[in-house]
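Please see the structure below; I have some questions.
To keep things simple, chains are lettered A, B and C as they appear, and every chain counts its residues starting from 1.
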Amino acid sequence: MNPRLSSISRSVGFAVVLLIILLAVNLILSPARFQPGSWGALVGLAAPLIGAAIASTPVILAGRGGIDISVGPLMGFVNAVVIQVLFLKAGISSPLLLVPAALLIGALVGAANGFLATVVRIQPIVATLGTYLILTGITLTILPAPIGPAPAWLKALAGPWSLLPLLLMFIGWGLVRRTPYYDQLMAVGSDDRAAYTAGVDVTRVRLIAYVMAGILGGCAGLMLTALIGSADPNIGPTYTLIAIAAVALGGVSLAGGRGGVAGAAVGAVDIFLLQSVLTTFNVSTFVLQIAYGAILVLAVMLTALQERLAMRAR
Amino acid sequence: MAGRNLFATTNARVVGAFCVAALLQLAGTILIPGYSAPFAVRAMLVLASLLAVASIGQTLVVIMGGIDLSIPFVIGFANVVAAQLYGDGWNFFLVCALVGVLALVIGGLNGLISRSLDIQPLIVTLGIGMIVQGLVLLWTAGFPSGSAPPVVSGFVSIGGSAGPLPVPWLVPSLVVLAAFVVLVLERTPYGRRLYALGSNPGAAPLALIDPVRMWMVTYAASAFFAAVAGVLLLGFTGSAYGDVGQPYLFQTIAAVVVGGAALVGGRGSYLGTIAGVLVLTEINTLLIGLGFQPSAVQAALGLIIVLLVSLYGRERHVSTTI
Amino acid sequence: MADRAASDFRGLAIRDLVIATEASPITQLIAPGEIVGLAGLDGHGQELFLKMLAGLAPPLGGSIELAVPGSSHKITGFRRAVASGIAYLPRDRRANGIFPTQSVLDNFAVATLSRDTRLGLISPAARKARYDVYRKKLSIVAPRPDAPITTLSGGNQQKVLLARALALEPSILLLNDPTRGVDVATRHVLYDVFRGLAADGMGLVILSSEIEEILLLCGRVLVFRENEVAAEISGEAMNTDSVITAMFGRSA
């Protein structure tokens, strides 16, 4: 294995092992749920969390405390605007308009976050906390209570076509990885001083990371809309912390510069599968929450221990 | 010089935050009849005191270069457990002792795991917090019962009075507590080590600072004060509620940051946090007084936090850190 | 020389210390009042050796023992080393030395905080008095000791760090490239301080990347090559040529 691959597998390793175990357990416990026929719905069910985790990744990769806790509220905001404002009030139902609108909202919110965190230089968690509060506030103002429905094509994105938005996200990120920008992002994430001295425009690189997070968040907002088939002001924000948990579980270093979107997605799938296992056991949501917390802490602990051992072995 | 500037601005931030709070009070008095009425001011002081207690831990942890997301969960834990056990007929002081010890253990665990394995405290405290909350929910089956003992209710009651003072005992107690926290930070070896550790973790061990011990002690203190806030909130609301701490997740962070602390560590003060607490409480009260919906208040709060921090809480550009 | 390592010896006794696999063991005695230089090309073990003396890196074999009148202590870790009377001045001031947001006084006192406490509280007067002793001794130029240490020049920051180490009142002082990034005038102040400390009976081990510095200060020099002491040169034999020759591994 080349060193790069092995380093990736080392950091994602635990999440992948967990994924395989959880998948096996799921298949044994409830084979019916995992029939090929229900794959579409299943992926659709997991998609918003995967999307949220992917959206949380670029900013974390950019390092120096970079974090975007407004991803969840952004999803809720996109959900509210697309259904309540554009679809129900303005009567726009064409995907050719709604999808670009969602992505544009995401990009704008991301740009605002990026401006605050990189140009104004407010600590990222505070800047995105600000946007978090603003977005939840506006969402509740334009949409005080849940409302429906969603356009049929959008609901299909949580059913038979559920893989499509995820694939597009991965393809998009794959394209980014082929650009010189990606190398700059990772360089800034692992050592921004060195990158700056090497002539990288650190501010610009980080700003773009926030914009990407926004666009991906907009996409995740559409997936959420597809899944719930309506608009609900309260669901979006719940994704924030669990998405960051998924990212950490997937071996992305919260210190920046290490990990990637694939790891984040695996981490999100882990959490989804765990949820699924516990649901089949019919345990209460309380146990579910304990399990979330325990898996999260254990996962980061094991990852850290694994890295230590690898370090010692060298 | 850059360094001197930094020193000057740290104090300026605290003074600035106090000024903003005073201006907001003035604005409220002009805009809203009865804003400065005794009862309104008392209510604000009680609310601010509760947030100030919950923010002690966040202040210490942030100075050290960490963050504590378990605070709201520990508040909820203390709130529910205290009510439940008191309702079961336990001696209330025994209940408090038990809750306090458990909180110390929770916090110590947060610090131990984060520091000894070098894991982001954001994730660890979140995970531990979720476990704690889950366990509490499981124990009470989601429906906490019990009630506040009169002694706590009286201690925090907005209508209460502390001797000749027209405020409940909570407020003067907080003043004493604040003086204690400031003294610990400024004048004890622990306080100086805390700032040093946050300022440069790499240099700390060579200066005979034990990072793991410091993290355990500080996170334990954070959880302890969160538990105190949880018990006080029980007196304030009268009955147990597991999610009572949720608003405190972001409010404690916001208070600390508005008060001039840097989340990268080494800077901040409890006096600053108190200023931040006053600003947040003022904004909240003012906007609700002006008739805004809670959702609009939340949006405005976000906007104001961003504005305030961009005025005086900016970080340095990477080029100046080389 | 090892014969002298009897119980009456005072100073730092290094016995059969192995600093890397397959490197031959090092036996050295650092006596009070002595200034020993460590030289070598980067990464040839001299820094590792110094860190092992400070208890910052575990040795692969052998022992390090500090003998002071009345007792002797095995060095097994950094805290143990400091408690026994060893002080260490790190190489990278920014990474491992200063606390940038903290004041000059804080930076000075951080390792010896308990000496200023009265009933658990730090007495600013006691701290200032203690600082003033070292301010004079090292001629630290800091107009406002309560201002952040970053307001000082590099040389003065280094002096504050040296004061922090000296405040531990060590019997052995380990210096890792102490004049790195320090201006010439300050260097000579530091040299005088080092000589004065040795004259008062402190043993000094100085790792330096500049041979002139070692020639100027040290009574003898250990030249490291491939994690071994390739040569020990002292007195008349110590000159630029002999040290460089040993550094590059040609026979002296």
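Quick notes
Simple rule for what comes next: a contact is a pair of C-beta atoms (placed from the backbone, for glycine too) under 8 Å apart; a residue touches a chain by one contact, two chains touch by 3 or more.
None of the values given here were measured: they were computed from a predicted structure.
Under the contact definition stated at the top, no chain borders both subunit A and subunit B.
Nearest to the common centre of all protein CA atoms is the CA centroid of chain B. If you average the Cα atoms of subunit A and of subunit B, the two centres end up 29 Å apart.
The geometric centre of subunit A is 50 Å away from that of subunit C, both derived from CA atoms.
For the pair subunit B and subunit C, the distance between C-alpha centroids works out to 43 Å. Touching subunit B in their complex are the following residues of subunit A: 64-65, 67, 116, 120-123, 125-127, 129-141, 144, 192-193, 196-197, 202-203, 241, 244-245, 248, 254-255, 284-294, 296-297, 300-301, 304-305, 308.
On the subunit B side of its complex with subunit A, the touching residues are 67, 69, 113, 117-120, 122-124, 126-135, 137-138, 142, 250, 253-254, 257, 262-264, 293-303, 305-306, 309-310, 313-319, 321-322. Within the complex formed with subunit B, the residues of subunit C that make contact are 78-79, 82, 88, 90, 95-103, 106, 109-111, 113-114, 117, 120-122, 147-151, 164. Across the complex, subunit B meets subunit C through its residues 1-4, 6-7, 183, 187-189, 192-193, 195-196, 198-200, 202-203, 205-209, 266-267.
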